[in-house]
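Below: a set of structures, written as structure tokens.
What follows is a pair of complexes built around subunit A, which joins subunit B in one and subunit C in the other.
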Partner chain A sequence: MNRSFVVRNPSVLIFLVLLSLFTLVVTILSEGFGVGLLSTSFVKVLGKTLCLCLIAIAMDLIWGYAGILSLGHFAFFGLGGYMIGMWLMYERTRQIVENALSEGVLPPTPEEISTGIGNQIFGVVGSSDFPLIWAFADSLVLQLAFVVLVPGLLALVFGWLAFRSRVTGVYLSILTQAMTLGLSLYLFQNASGLRGNNGLSGLQNLPGVTAPQSVVSLWFFWASALALGLGYLLVAWVVSGKFGSVIRGIRDNEARVRFLGYSVETYKLAVFTLTACISGIAGALYYPQAGIINPAEVAPIASIYLAVWVAIGGRGRLYGAVIGTAFVSLVSSWFTGGQAPDIDLGFYAIKWVDWWLVLLGLSFVLVTLYAPGGISSFVDKLAGKTMEADR
Partner chain B sequence: MKSLLLAMCLVLSLPNGALAQSPTVQDLLQSQRALIEKSSRRTIGPAIDALVASGLPQMQNVLEAWQAKGMWQRKGDGFFFAARKNDDGTFILQDFEDGADVATVSSAEIKQLKPNSGVRAMIATALVRFQLTDTDITKRADALDSISRDPEAALLAPLRASIEGETDPDILARKVRLERLMTMAYDTDVPSRVAAINDMSGDLGVDFRATLNPILSTSRVVSPTAPDGNIAREVIVGSDALTHSAAYALLVAAGGAPVEITADARDTTLEAHIDGGRIAGFPVAQLSSEAVRDQAYDALVTRGLAPPRVTQTDIDASLASYRFFDVYDDPSPAVTSAAEAALAASETRVAFGQAADLGLDALSLASIYFLAAIGLAITFGVMGVINMAHGEFIMMGAYTGFVVQQYVPNHTASILLAVPLAFAVTFGAGVTLERLVVRRLYHRPLETLLATFGVSIALQQLAKNIFGTQARPLTSPSWLDGAWVINDVVAISYIRIAIFILALLFLALFLFIMKRTRLGLETRAVTQNPRMAASMGINPDRVNMLTFGLGSGIAGIAGVAIGLFAKVTSEMGSDYIVQSFMTVVVGGVGNIWGTLAGAAMIGGFQKGVEWLNPSNTLAAQTYMIIFIIIFIQFRPRGIIALKGRAAGD
Partner chain C sequence: MSTLLEVSGVTVSFDGFRAINNLSFQIAKAELRAVIGPNGAGKTTFMDIVTGKTRPDTGQILWGDKSVSLIGMSEARIAQAGIGRKFQKPTVFEEQTVQENLLMALRKDRGPLAVLFFRPSRADLDRIAELAAQIGLTDTLPRVSGELSHGQKQWLEIGMLLAQEPQLLLVDEPAAGMTPAEREKTTAILVEAAKTRAVVVVEHDMEFVRRLNCKVTVLHEGAVLAEGSLDHVTKNQDVIDVYLGR
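On to the complex of A and B.
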């Protein structure tokens, strides 16, 4: 990353400064280290929103820059969450089981500990044996590696299959949707080894950490902000170079890029896999803050919402993805949290809990129809920039 | 008073007079009087048997009256009568022998016999043999039901006897079948049992298999040598049928080996012998592995403080000196081998039947997918518009059906009304969507996808706000209830047949509209080349609008059909949308036959996987999706791909 990269992209610098300021302000206002104006649960909401912004950047890279509308990126997000969740759950259960067993007369044997953990984790699905995929759950380093490797590998295999047979456009969208549906159906089975529809729970408790949640939530908030900042920097760097020009070329005219001698499939596969890895990291940071992950999280609808956020924010601009995601998900939690005032029409009271999705759906139609550039096109107008071609 | 006395004398003299010739009903009842008066389930058996054994035809009336609490005993002499109540509270007694009125008495003079439910059940069993020859056909059928529900060796003879005089062919067939089944199970003569089993070998009936299974029941015997009796097979220790631990447990239960000391028992013993932080010299803190615990326990054993551990060597040695056999409970080898052969033959045929049943299931699932996808085949397949709200049109159709049923209580009429109404509603919705949204996005297919998704979540939430989150029933007309039962294995519900027929109708309708009508011609022209079509005088806007409306309308009708067998909820559309898109994509875009092939393939594949792994539809769907993803590799344009310029991107 040389100087000219930042100079050529002042928006990156502005974004990073704003993100740092935001992190600082939240820290000062938090309960853990500051004046306590922001509740711990709200800090978690903000931290989760930062993770969603990170996957939105990945989505913007694959859709806004490479023109591939993936409706399956939440599969990678969920996988990342599952990978870190396995370690969190295993390690915490191990400590609980060891504490419980050490109260017995005889010191526990390794077999007893292993059976105890198995019973604790898999009792809900009527089993006590560790499935093969939990073989490395005791190793934080390996599970952290899996956060990147498993989504990356799935993306690599799926993308290789899809791109080499030249599945494009809406067909690819439907295929990615099928992928995430297949994954969620698979995870819903008890036999999947990931506790079926119970999912993994208790992830907010870090093993071996006695600090209160108000502090832990800030740690995760900082980690999320750091990941978002680094992710933004990485993606901005990727799209600013020659690689970025080629994938924009693929978006605008795939055949022409292919005729120019570029291996279109390799570029697409690289972008698809890179974004999957970023999504996995985002998920691994998100679910410890959410506390629970279950197969419903990777249902197709989640990935469509991701596309919605990016589209509302404005495709083809990284800050657009961030703005759209932060705006929609925060407004959404404001409306569905019951804080928005109801509108009493006299004959009918509009409760936003019920009507928010209708409003969101319709406003989404309106944005698509009348403001294809999304919210960030207004930012561009303020900045006096002309809109980039994004079709 | 005088006349009454006279009458009583007359009545009294009647049975006594008859006694001289042959025992009357009253004689028999009197001979069992003590048992009948104090009837209880445990003691009444001999009395009922004696009454039935008399063979008197009137006994049926006696037993029926008794069972219905219609038998009364006169306190004066202890005689039993049927009785009916007069308006003035007195009773008219009737003799069981000939049904003649005997006397009129006050309620104080007689006592009603009230058999408890246990006794009534035994009377019912006894009555069955009378009912087998009853003149009333429903009573005979009831008797057969009762026997097949609760077969009993004693009923075999009366059943056989009743076959001769049976006139009704249906009842006769049932009697003969039941007689064969009961012969297998209860006859004392081995050759006739074998003959009965061989007669019915390969039969598909559940009752046949249910009769064979108890004949083939076995018990497991542990013995050093082959035991006496009808041995089914020797069970090898370590096979799937008998694991080592199960075999050892059997051996222990049979007293052939000492009880194994489990890890828990060992630990309990160890804990009981903690002495100053040590167990048999081992510090407690060191006992953190299985091996050390075993050593500590062995040390306890050498001190005589615990029973010795049964080691794996001991277990193997014990098991080696015994053999394990499954012995048939039925002593006759001829019968059991015939039954094994018959069951095997049945199971082969049942497997074929199940395959046929699976085929029907797959067909009906394919019809459902086809129904859900056919509207999409028009909007997506022909027009190339990704309509994510398609599932919500299905839901709208189903809710239309629900609303119609609230106003039209007759189910047949309401369904007939709901189908055109659902079409109208969703046609209107489709046209509106096309005019307001889709039209502006024809050149941006990915954005159509997102915009219609917005419509989809709005419609879904709207339905939730209007109809609530609970599932609403859409009741099918009564003539669609039930199933077409081909035999005990193959059956298909009428609703699924109706959906299959509906799918065929839609196929025909689609083909007719596309190939034979002006709209179809114009649609095909506009899809191939809108500008050229426009210059030929076709209005592409109007054609697109109508085509989109048609596709949506068909989705609405499909919604009514799907709502009939699945509950109507606001989320029902999203259950079908991904599958519908896959059906169209797998089949090949732009070709209705492709959609049909896609639906057949997906339905068939899913049912096939379900068959391999029953009780797990989730796995079936997962594998189906993996299969589709791989299938797309080999035929990216679907099963039936359009050729030429029309297939362009």
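On to the complex of A and C.
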């Protein structure tokens, strides 16, 4: 990433500057460090939105640039969340259990501690034994590595099977839906070892940290902003050179790229796996801010929403993915959070909690019909450049 | 002259229909060859087989000095081995510039990591300028290739093939839809290319084949009907019956 890369891609620089300014403004207005105009829960909403923007960038890379409409990337997002959630939950429970047991007359044995933690975590699914997958839950370093490795490995195996068989287009989309549905159904089982439909909870409490949530929320907000900035820089760099040429070539004419001597399957697999890793990181930052993760998070619909955000924002331009995701998910939480005033028509009251989906569907159809470039095509017009300028 | 590509006894059937029927074909290292034949003679299928898109039911395809079998190799591996293919319809990457198209085709390491860290050197850019001059697209290098005329796209695709530096070039109907002046230029590019490598041109247009002034192979129902100079094959009664007589 040399200087010429940023110079050749002014949108990257503009994005990073705007992101930094946004981070600064939110910090100044926050309760934790600033004047307190923004509530802690709103800071969390903004932080979560940044994580969604990060996975949207991954989605734009795989769909907008490489032309693979994956409808399963929330599986990787969820796995990232579960991996960090396991450590958060284990470590915090361990501290609580140890404190409780240390009040006894005799010092507790390791077995007592282990059983205590197991009871606390797995009591809801009627067990106190640690499943095998929790073997490394006491190690932050390993669980952080798993945030990247587990989604990456799943993507590698799934992608290898799918791309090697030359599954493309809508069939691949269906397969990715099946993947995320399968993961979701598996996690719903109590025997999955991840607390079934209860999921992992209390993730907003960092073990050993006494700082209030107003401060912790900002830590995560900053981390999310940093991850988004780095992710944007990485993906913009990946698509800027010949690699970007090749994957856009695959999107537009796969056979031609093959006859040029490029192993199309290897490229698809590389992009699929890279985007899965980015999604895992985004999920690992998202769920500690959400506080809870359960199998419903990786339901097929979540990944479809992701595609809708990117489509509304504008494919094939990274800032398009960010704009679409930020806009739609914030508007979505406004409408579904009960803040939007219901419209009483006398004979029928439009409740936005129910009608928001209709509005979202309608705007998706309208964007597809009248602004195929998405919301960001208006940004392009404002910037006085044509669509090809940033490709 | 030694043989570059040797196809022997190749048969391919699609749902019982024999698209290629016991076909044998040879081409030398620096040779220009025209392949003609009526629709359905198996010309495109022949190219599909050589480039690895279609797998033959029986037969052998041997390549190069070491007589490597191409059967079972992926399209990408065959392309890397030195066989370039131009499609009937001009297929360039329309959303990318002429320069990006040529850069992608340039003979370089095709692995994802090498490509990820690749940045064109002075020599690469010079080579692209040279290729652009050869195909007459010097002025259009920074333009998006979708804006090019039909003829220019055809040349760009030929330029991309040359950038690959293949030992064998398979060209499917390069003159289709071209103006007479464009045809002339295309002929010149192909004749020039054939001085240093093998070029196989599949063509319908007799006038264009005559201009190429090379050995001609006539395909019919998936097999070679006649081979030799254009004058020789056009006097062949079988050829007149199945092809020219129509």
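Note that in this section the second predicted complex is superposed on the first by the 384 of 391 C-alpha atoms of A that agree within 3 Å, B and C clash if a C-alpha of one lies under 4 Å from a C-alpha of the other, contacts with A are read in each partner's own complex, and residues count from 1 in each chain.
The criterion applied here is as follows: a contact is a pair of C-beta atoms (placed from the backbone, for glycine too) under 8 Å apart; a residue touches a chain by one contact, two chains touch by 3 or more.
None of the values given here were measured: they were computed from a predicted structure.
Asker: Touching A:P207 in the superposition: subunit B (first), subunit C (second), both, neither?
Answerer: neither
Asker: Please name the chain, subunit B or subunit C, that touches the greater number of residues in subunit A.
Answerer: The partner making contact with more of subunit A's residues is B.
Asker: Could you say whether A:F243 touches subunit B, subunit C, both of them, or neither, answering first, second, both or neither?
Answerer: A:F243: touches subunit C, not subunit B.
Asker: Thinking of the overlay built on chain A, is A:L260 touched by subunit B (first), by subunit C (second), by both, or by neither?
Answerer: Only subunit C is touched by A:L260; subunit B is not.
Asker: Is A:I301 touching anything from subunit B or subunit C once the two structures are fitted on A? First, second, both or neither.
Answerer: After superposition on chain A, A:I301 lies in contact with subunit B alone.
Asker: Just checking: does A:G34 make contact with subunit B only, subunit C only, both, or neither of them? Give me first, second, both or neither.
Answerer: neither
Asker: Under the contact definition given at the top, report the residues of subunit A touching subunit B in one complex and subunit C in the other.
Answerer: Residues common to the subunit A contacts of subunit C and of subunit B are 391, listed in rising order.
Asker: Which of the residues in subunit C come into contact with subunit A in the complex?
Answerer: Per the stated touch rule, the residues are 51, 53, 74-77, 79-80, 84-85, 87, 91, 93-96, 100, 103-105, 110-112, 115-116, 118-120, 144, 160, 164.
Asker: Can you name the residues of subunit A that touch subunit B in the complex?
Answerer: Residues in contact with subunit B: 69, 105-111, 158, 161-162, 164-171, 173-175, 177-179, 181-182, 185-186, 188-189, 191, 300-301, 304, 307-308, 311, 354-358, 360-365, 368-369, 372, 391.
Asker: Contact residues on subunit B for subunit A in the complex?
Answerer: Touching subunit A from subunit B are residues 267, 270-271, 274, 284-290, 293, 386, 388, 437, 440-441, 444-447, 449-451, 453-462, 464-465, 574, 578, 581-582, 585, 616, 618-619, 621-622, 625-626, 628-630, 632-634, 636, 649.
Asker: Quick one: which bits of subunit A touch subunit C in the complex? Just the residue numbers, please.
Answerer: 238, 241-243, 245-246, 248-249, 252-253, 255-256, 258-264, 266-267, 270, 388, 391
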